[in-house]
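This report refers to the structure that appears directly beneath it.
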Amino acid sequence: MIVVMTTSHTDAERTAVFDRLKELNLQGQAITGIERSVIAVLGQVFPELRDELSTMDGVDEVLRVSKPYKLSSREVHEQDSVIGLQHGVQVGGGRPVVMAGPCSIETEEQLWESASGVQKAGAHILRGGAFKPRSSPYSFQGLGVEGLKMLAAAGSQLGMPVITELLSLRDVDACAQYSDVLQIGTRNMQNFVLLSEAGKTGKAVMLKRGMGATIEEWLLAAEYILSEGNPNVMLCERGIRTFETATRNTMDLNAIALVKRLSHLPVISDPSHGTGHWYLVQPMSLASIAVGADGLMIEVHPNPDHALSDGAQSLTPANFQQLMDGVSSLGDAVGRPVAERPQAVAQS
Amino acid sequence: MIVVMTTSHTDAERTAVFDRLKELNLQGQAITGIERSVIAVLGQVFPELRDELSTMDGVDEVLRVSKPYKLSSREVHEQDSVIGLQHGVQVGGGRPVVMAGPCSIETEEQLWESASGVQKAGAHILRGGAFKPRSSPYSFQGLGVEGLKMLAAAGSQLGMPVITELLSLRDVDACAQYSDVLQIGTRNMQNFVLLSEAGKTGKAVMLKRGMGATIEEWLLAAEYILSEGNPNVMLCERGIRTFETATRNTMDLNAIALVKRLSHLPVISDPSHGTGHWYLVQPMSLASIAVGADGLMIEVHPNPDHALSDGAQSLTPANFQQLMDGVSSLGDAVGRPVAERPQAVAQS
Amino acid sequence: MIVVMTTSHTDAERTAVFDRLKELNLQGQAITGIERSVIAVLGQVFPELRDELSTMDGVDEVLRVSKPYKLSSREVHEQDSVIGLQHGVQVGGGRPVVMAGPCSIETEEQLWESASGVQKAGAHILRGGAFKPRSSPYSFQGLGVEGLKMLAAAGSQLGMPVITELLSLRDVDACAQYSDVLQIGTRNMQNFVLLSEAGKTGKAVMLKRGMGATIEEWLLAAEYILSEGNPNVMLCERGIRTFETATRNTMDLNAIALVKRLSHLPVISDPSHGTGHWYLVQPMSLASIAVGADGLMIEVHPNPDHALSDGAQSLTPANFQQLMDGVSSLGDAVGRPVAERPQAVAQS
Amino acid sequence: MIVVMTTSHTDAERTAVFDRLKELNLQGQAITGIERSVIAVLGQVFPELRDELSTMDGVDEVLRVSKPYKLSSREVHEQDSVIGLQHGVQVGGGRPVVMAGPCSIETEEQLWESASGVQKAGAHILRGGAFKPRSSPYSFQGLGVEGLKMLAAAGSQLGMPVITELLSLRDVDACAQYSDVLQIGTRNMQNFVLLSEAGKTGKAVMLKRGMGATIEEWLLAAEYILSEGNPNVMLCERGIRTFETATRNTMDLNAIALVKRLSHLPVISDPSHGTGHWYLVQPMSLASIAVGADGLMIEVHPNPDHALSDGAQSLTPANFQQLMDGVSSLGDAVGRPVAERPQAVAQS
């Protein structure tokens, strides 16, 4: 850490900083010849120190020189992490995977129509929401455990691992029982207790970026899962909130490219939520693979204009087939061909 | 709802909209003579309808004409809500209250020094965090139930109601047992299960705005609590996330003025988190009362440069005294004098 | 336009709206059976009407049903616009072009090294800044007309059209004399007088999106140029300002896909400014072409760590060659192969 | 400046940094014992250095330790600047002033009705737009020089200094001839040539914050005017662009409080544009004075629902009178009473 003093600081204020550092078993080193008076902090610093020193009289600001996240950093773990799932599906490590299915599980028919459609088109992982976070208490909230069972059954029948959103502490056991991957949604990215509990299940966890969260906060949130001893964490960019309202969110593809550099964790892209318009899903899927995403998460509904949630951003199975074709050509062109289809016999 | 058709829509697409509305027991009315072809939807609409119709061919966009929140709206409840607490403290209804105390409860001494300081200066409600949401798993996470007990004891001894953050489902009972007001933090504003459970306790709930949440989403989140039959909801503006990084957040005082118009719920302002700098807390406190806030929430620490959290934005008891003096004069000038001090004998 | 009345409006307020519309030679049509009382406005509306009606007592909000931009809209001009430049270069119409060169023109040597490097690698248009908008008055401001001449000479020698930023009214003639394309920078997107003057030159104009501008405002700004009778307008997405500071800006690729749908104008992507880090330029270039951009604008400097501006985001000629190879494969895979190289003999 | 090396940097990369510094006549000092390897840069640094060093291999980031703005900083000029205008009006120095009048000058009658109304209510400076920056080329663009003359005449007759927007280089002379204060609008905050030319006139200049501009960029823009030797610069906060769309902009009152600390320049608040709704103008005016603003700028129209621009945010003269009464009481309460009325006889 580097303490920058104000231009008008006094000797006493400067001495107080040195004294406080000594109290904390740290050491201060004054640097002279630089534009401003600064004090370098030597020793083992801790995150709160920045806040503390900031309040001292005569201190203008305190600059960090190291990253606050550790386990998710490439500095600690240089190689890409690869997460193995049932049916031979692997997330991370070069070949993109596609997760697809309905936003919400509504009925067996709707789920089956969507699930069999996406499997046929070449999806690797089946998605479906049983617990839905809805802005309004007056909206459809999902089928709950009944939905989980339907999802697990469909995945098993089609030979696909499944992913579903874990919404709350009270659903941890049920979700871990029925799902291969636990999705933490954007509104829960900083629900730290939920992150820890998800981590403890040992299941793979997909952590969506908070719509108002920085990349640094996102990686710090991943630390909550990783620090439970669970290495099976994948990240998911799903758009951030900006002033632009012509799209539901602003997909931050810069973030995908940057996180691939900062971290070894796989990064999935969710252009359905990221754009909010079905007709933008295919171009943004192609762009996501081009920029380096390890996979896609796509909402597919047999009949989007009758969907109980997120109809506007859902593809029909036919459109999804087209998307898979496009993604497949593009993956070949950029040297990261789409992953093999899941294997019929489970191998968990 | 108003369905706006594209300029190039076909008769068949138009007919399909009318047919879909009929299926849903709604009625469409074409409006002619307007710039674009539009269809007004007659009957009892539901929120998802917008999404559904948006996906239909030939539809350009679907406009809402009513607000999605109900119980929090002034249209439904015209008079200001007033929330009664122990010791005769009332939140809402014209006279501002001040909540103050340490960010985190660290030790009995630290709590007592802060609590007795703020009480002496005229604060009405004692705040203190026992469960802390920290961006990093490596930061201090709070004293838990031990902290709650210390807070309740201090409140009781000083004759002040207390408020603390409810972080997780597993702490609902403990927080409801020891605290007069349950605070839902910015990261949990859309933790809908937590909102419902907080609502069920019947305790007063203070709902902080999500740092990336719109005013509409904030009022919808309040509906989750209100719709449990709990009318004791107050809102808290604590700054939103914008491109400006010179301050920790951007306090949205527009939102306070607007919410006072849209809703009957009391609105508290939190300039400690809203600015992140102790030296901006007093001016923004004055501005908050001037704009119409029903109260303030202020972090006070006996020794901010030794705080385990949020030191940079904490006031000393002496600075807090100065703030109370300023707020008091300003409240008089704007015709909303600061509320009477709490009464020594509880009256719950 | 649709006027939504408050739930508590009076008959007199409603009548006043009808009367005001009549004054303006418009007609109001009440719609009944819808959630709220609304009045549809029949006749030829004008943009200011929304503001006017919004202020009337009893009016809650006024909704637009048509787009405010006209000439840039696909509704008016369905086919993609194609802009022809010297040396047979065409912007728009399916085959991406690449504009490259130094951020600022510094010396003849630096320009030539960059220009010949990008030409060799297959760039179509040579970029170079002679007038530089710098946040600080104490930074290098460009070589001015001397720089323009150097740019024109290099373009002529290498057989490439050139593009340069038009910063101010006083430089219109000089820029139009020496440059094939006039670039309007992000800070001038709403410098409406400059837009009109650029339009009047008849030269091709590339309009960068304001870093804080919505897509709608961007298209409206393009109207200022188009309405001078100049159809040769291309747009350029260069990143918007959001809360994320790990990258210089947040590139909005959603916007590229959406604008291609809303408008017939070509859209260029500028990942150098959009990311601010040279190591993110290649992945975001690939993503831009994948999402549908009609071209790229890339900063290339022979020696980025000695650049007088934007060194951090400049590629070396070697890195640029690699980028061109990647873009070329990707263009083939998505069915939009990179455009042919410029023809040695000018054909303007 | 402090250069932070990556954890994996090599000795050669480190040496290269030292060598590059030596080339630039600077010196590097390695600091050991800190978390990361860092190099402090000793000597006279320049802004571009940060960018340059950032691109070097092995460098992770480069931290600034001093502010890039100089003349606008309190470090250089500790006392509040006070700007003297005609009729004894002073901006800055403790007593708030109010600028008011119509958004656009439309007719003599409309201007007079607004101007005499605001004068009667106690406004100090008359505002009125003659050149209007409009998002759409199809909107009313102002009366031009004719409007300027009407404004100057009204100011003279009422004994008030006047302020008007300078939109373009071609209007510098006319605006400087007829107006006491030149307003640079939000869209031109980084129109650096215009800033310099405005500075050269020697007239007082009010610089509005760009809707997407940081505080640092705003102060740097002020440097463009100040560095022309013109000390008469006042700043104006008018709301920034955020994700919240319920208000036209988000007023950043944090910024007012912070800028008063960082800079000696007076800061005006514009709640008309900052909120976009007339009914939020009064509460946000009170809040602005409470937070420390040196003045207000308010749009007043005799008949807001017939205004040719910004009707939705304009006050009637009666509402403005009410605002002045409120501001007056509040100014007294916070120890900064509203400035005396202008003196009938000019004293320029």
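Read from first to last, the chains carry the letters A, B, C and D; within each, the first residue is number 1.
Following the convention adopted for this analysis, a residue touches a chain if its C-beta (ideal position, glycine included) is under 8 Å from a C-beta of that chain, and two chains touch if they have at least 3 such contacts.
From a predicted model like this one, the values you see are computed outputs, not experimental measurements.
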Set of chains adjacent to chain B and to chain D: A, C
Winner on C-beta contact pairs when A-C is weighed against A-D: A-C
Label of the chain whose CA centroid is most distant from the centroid of chain A: D
Chain centre separation (chain C, chain D; CA means) in Å: 27
Centre-to-centre distance between chain D and chain A (centres being mean Cα positions), rounded to whole Å: 39
Between chain A and chain C, centroid-to-centroid distance (C-alpha), Å: 31
For chain A, residues that touch 2 or more chains besides their own: 212, 241-243, 245
Chain D-touching residues of chain B, taken from the complex the two chains share: 212, 214-216, 239-240, 242-247, 249-255, 257-258, 261, 274-275, 277, 279-280, 283-284, 286-292, 326, 329-330, 332-334
Contacting residues of chain C [partner chain B, same complex]: 1-2, 4, 6-8, 27, 29, 31-36, 38, 40-45, 63, 65-66, 75, 241-243, 245
Touching residues on chain A, where the partner in the complex is chain B: 20, 46-48, 51-56, 68-70, 133-140, 167-170, 187-188, 190-194, 196, 210-213, 217, 220-221, 223-224, 227, 241, 278, 304-312, 314
